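Next come the structures, one after another.
Shared between the two complexes below is subunit A, which pairs with subunit B and subunit C, respectively.
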Partner chain A sequence: MEQLAHAAYGLYLVLILAGAWAAVRCRNLVRALLGLIMTLFGVAGMYFLMAAPFMALMQILIYVGAVSVLIFFAIMLTRTPGGEAGEEGGGARPAVRTVLALLSGLLPAAILAAVILTKAPQSLPLKPELPLGRLGQFLTGPYVLAFELISVVLLAAMAGAVVLGFERRKSA
Partner chain B sequence: MTAQLLELLSHPLGQMITALAAIMVFMAVNGMALQYAERKVAGFIQRRPGPYEVGPHGLLQPFADAGKLISKQLVAPLGADRLLFWIAPLVSVAPVVVCFLPIPFSPLLTGMNINLGLLLILAFSGLNTLALCLAGWGSNNKYSLLGAARAVAQSVAYEIPLLLSVLAVAFQVGSLDLAAIAASQTQGLLSWNVLVQPLAFIIFFISGIAETNRAPFDLPEAESELTAGFHTEYSGMCFGIFFLAEYSYMVVVCAVATALFLGGWDGPVFPGPWWFLAKTFALIFAMMWFRWTFPRVRFDQLLNICWKWLIPLGLANLVATAAIVKWVQ
Partner chain C sequence: MSPLVLFHLAALLLLGFGLYGLTSRRSLVGMLISVELMLNGAGLALVASARLTPASDELGQLGTLLVMGLAAAEATLVLAMVLVAAKRWGTSDSDRLSALKG
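Right, the complex of A and B next:
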């Protein structure tokens, strides 16, 4: 079973990294979105490995099922399909952009790797899956302030969208 | 040899692979059977015989169609994004296979016992929207793109009442495990959730029809307006795969409705998977009946039904359920 877990870890790692590479490097926005979705799937797989299937399924339901569809809608509303209009041109030259992308990717990776390599944690035994009820109690108990603050942020975003929509209608 | 095989099959991974293979066979057979059934139902509703020439009562028609679809050439339109164009049918059909895993056909006949089965189905069925988007975008065709735009607006809207109605049942039973929810309804007809939660059942079924893009909510592929919507450019088996995915999603929606609201495998005599299948296919028959009875809604009507009726009713139902559950405790 442990070899299986290692293999799954490797697979998810490849999914995450390849997806991230595609998301950054693809000139076509929809293909970049596909890369992002791949990464999100890989992260969901990692949650599965950590015995948190609820988080994993929520990741798929919300990020893959809703957020990426929303991003797709945004791409669709702002660009025409095919041709160069669907592609993103940057300000900097390609070589400069590659260097910048590598820098922004490698720097956090190097810092994290340094921490992990110098203070390597023992591999922990897998904790038992937390029942859903306990998760809910945590959210409405000790973490209630953070939970409510996040919902306020969402509310603000929604109200902002409505206000923008009304202003657009007035000027039209 | 047999012992080794049994051991391999009893391993969780072996079990899952067996279940996935069985599901794929079921999907293929189901796709052929349902397309025959749909044409026959359509025929009888419109007072014509339906397929009648190939085999007795046209029974061999699905095989002829399958052969035709498989042998046709696959064509990608000029200027299409090849990668997205070919990947879209696969994204459409692959998640359905996973959706079948947690469905409890009977306490024994379940692909995989997971305590979050309902959530798994909801999560993976959401991927279908993405597939329609990719198909619409990748085709380089204005009808396809319009179909994809409609698919997004429709499925994002109808996912909310669907989740609200499912949540009401989950609140009531206190579990997201489909087998546990079905098992909670085995004390006779009165314990079926369709009688306990009739409003939730109606909301679920309407949203389910909209989520599977079936008429009267088939706007993403409205043939009189958009040629064939998102799959205008698909030929041969690529169209066949979209078709297979649609019919499999129908079975998933109806099977979930059976497990959530119609008592699952329970029946008056001999409870077992046959009751589950009978209820599922009765619901599918109702879906086909709807398709040939109601005219297609307009897009503003579609969104009005959702935002002005289903979502407020679903919210009220959910709040009432939560209050009653709390009160009973």
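Right, the complex of A and C next:
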């Protein structure tokens, strides 16, 4: 069982790695988006591995179902006048830019990894799966304010998006 | 390595890739994709901490759920902003969007 879990972890890690690589390196934004979707599925698999199936399904529903479709719309609606939709322009990336970006990505991750490797608390055996009812009780009980606030934030974001869209049409 | 460390390293991987993409990408949509990578790493770390330490399980999973909701709201707003920028300046290249007042 232990080895099976490690094998599944390795598979999901490979999915995440390959997807993230494609997401940050592909010149074509549609391919980058496909990489992001691959990563999202890998993370959902890790949620399954941690016996949190609700989180995994929400990950697939919200991220793969909604957010990536939004990003796809953004790619398709921002095509340059002469160019192909989704191509990142600007010619080859300067080497300095890549090196600096590598530094900015590696440095925080390396510092945090060092902290985790030295200071991580003992890992408990996996807790029993949380029944969905408990989550609902928490959401409507002690955390009802957060629940309501996130609805307000979503409403404000939707209203803001609609207002921005109207302004665009008026100025055109 | 314990499972907790393994899951947190995967989350860190996502953070590193996201930061790298955020600084190396030129188009606004590519930067949005990188931000989503980082948010996913945050969610993974939260759930791993909730499931594998004595911390409250409900709190961690609900926190991740709220992060997902915020990510959806953020993606909506960024989509609208990118569309406005692309309409007004004809490009979504972050290097060329340098005017403070259009």
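Basically, the second predicted complex is superposed on the first by the 151 of 172 C-alpha atoms of A that agree within 3 Å, B and C clash if a C-alpha of one lies under 4 Å from a C-alpha of the other, contacts with A are read in each partner's own complex, and residues count from 1 in each chain.
Convention: a contact is a pair of C-beta atoms (placed from the backbone, for glycine too) under 8 Å apart; a residue touches a chain by one contact, two chains touch by 3 or more.
The structure displayed is predicted, hence computed values, not measured ones.
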- request: State whether A:Leu57 touches subunit B only (first), subunit C only (second), both chains, or neither.
  value: first
- prompt: So, does A:Phe166 touch the first partner subunit B, the second partner subunit C, both, or neither?
  reply: neither
Which of subunit B and subunit C A:Ser104 touches, first, second, both or neither: second
- request: Tell me which partner A:Arg134 touches in the superposition: subunit B (first), subunit C (second), both or neither.
  value: second
Task: Kindly classify A:Val24 by the partners it touches after superposition: subunit B alone (first), subunit C alone (second), both, or neither?
output: second
Statement: In this superposition, the partner of subunit A with more touched residues, subunit B or subunit C, is C
Message: Output check: A:Ala66 vs subunit B and subunit C. Expected answer is one of first, second, both, neither. What do you get?
response: both
Overlap of subunit C and subunit B interfaces on subunit A (superposed complexes): 54, 58, 66, 70, 73, 81
- request: Can you check the complex and tell me which residues of subunit B touch subunit A?
  value: 13, 79-81, 83-84, 87, 114, 116, 119-120, 122-124, 126-127, 129-130, 133-134, 137-138, 140, 145, 148-149, 152, 155-156, 159, 176
Partner subunit B, residues of subunit A touching it in the complex: 4, 28, 30-31, 34, 37, 53-54, 57-58, 60-61, 64-66, 68-70, 72-73, 76, 81-83, 132
Interface residues, subunit A side, partner subunit C - complex: 9, 12-13, 16-17, 20-21, 23-24, 29, 32-33, 36, 39-40, 43, 46-47, 50-52, 54-55, 58-59, 62-63, 66-67, 70-71, 73-75, 77-78, 80-81, 88-90, 93, 97-98, 100-102, 104-106, 108-109, 112-113, 116-117, 120-124, 126-127, 130, 134-135, 138-139, 143, 146, 150, 153-154, 156-158, 160-162, 164-165, 167-168, 171-172
Field: Contacting residues of subunit C [partner subunit A, same complex]
entry: 2-10, 12-21, 23-30, 32-34, 36-37, 40, 43-44, 47-48, 51-54, 57-59, 61-62, 64-66, 68-84, 86-88, 90-93, 95
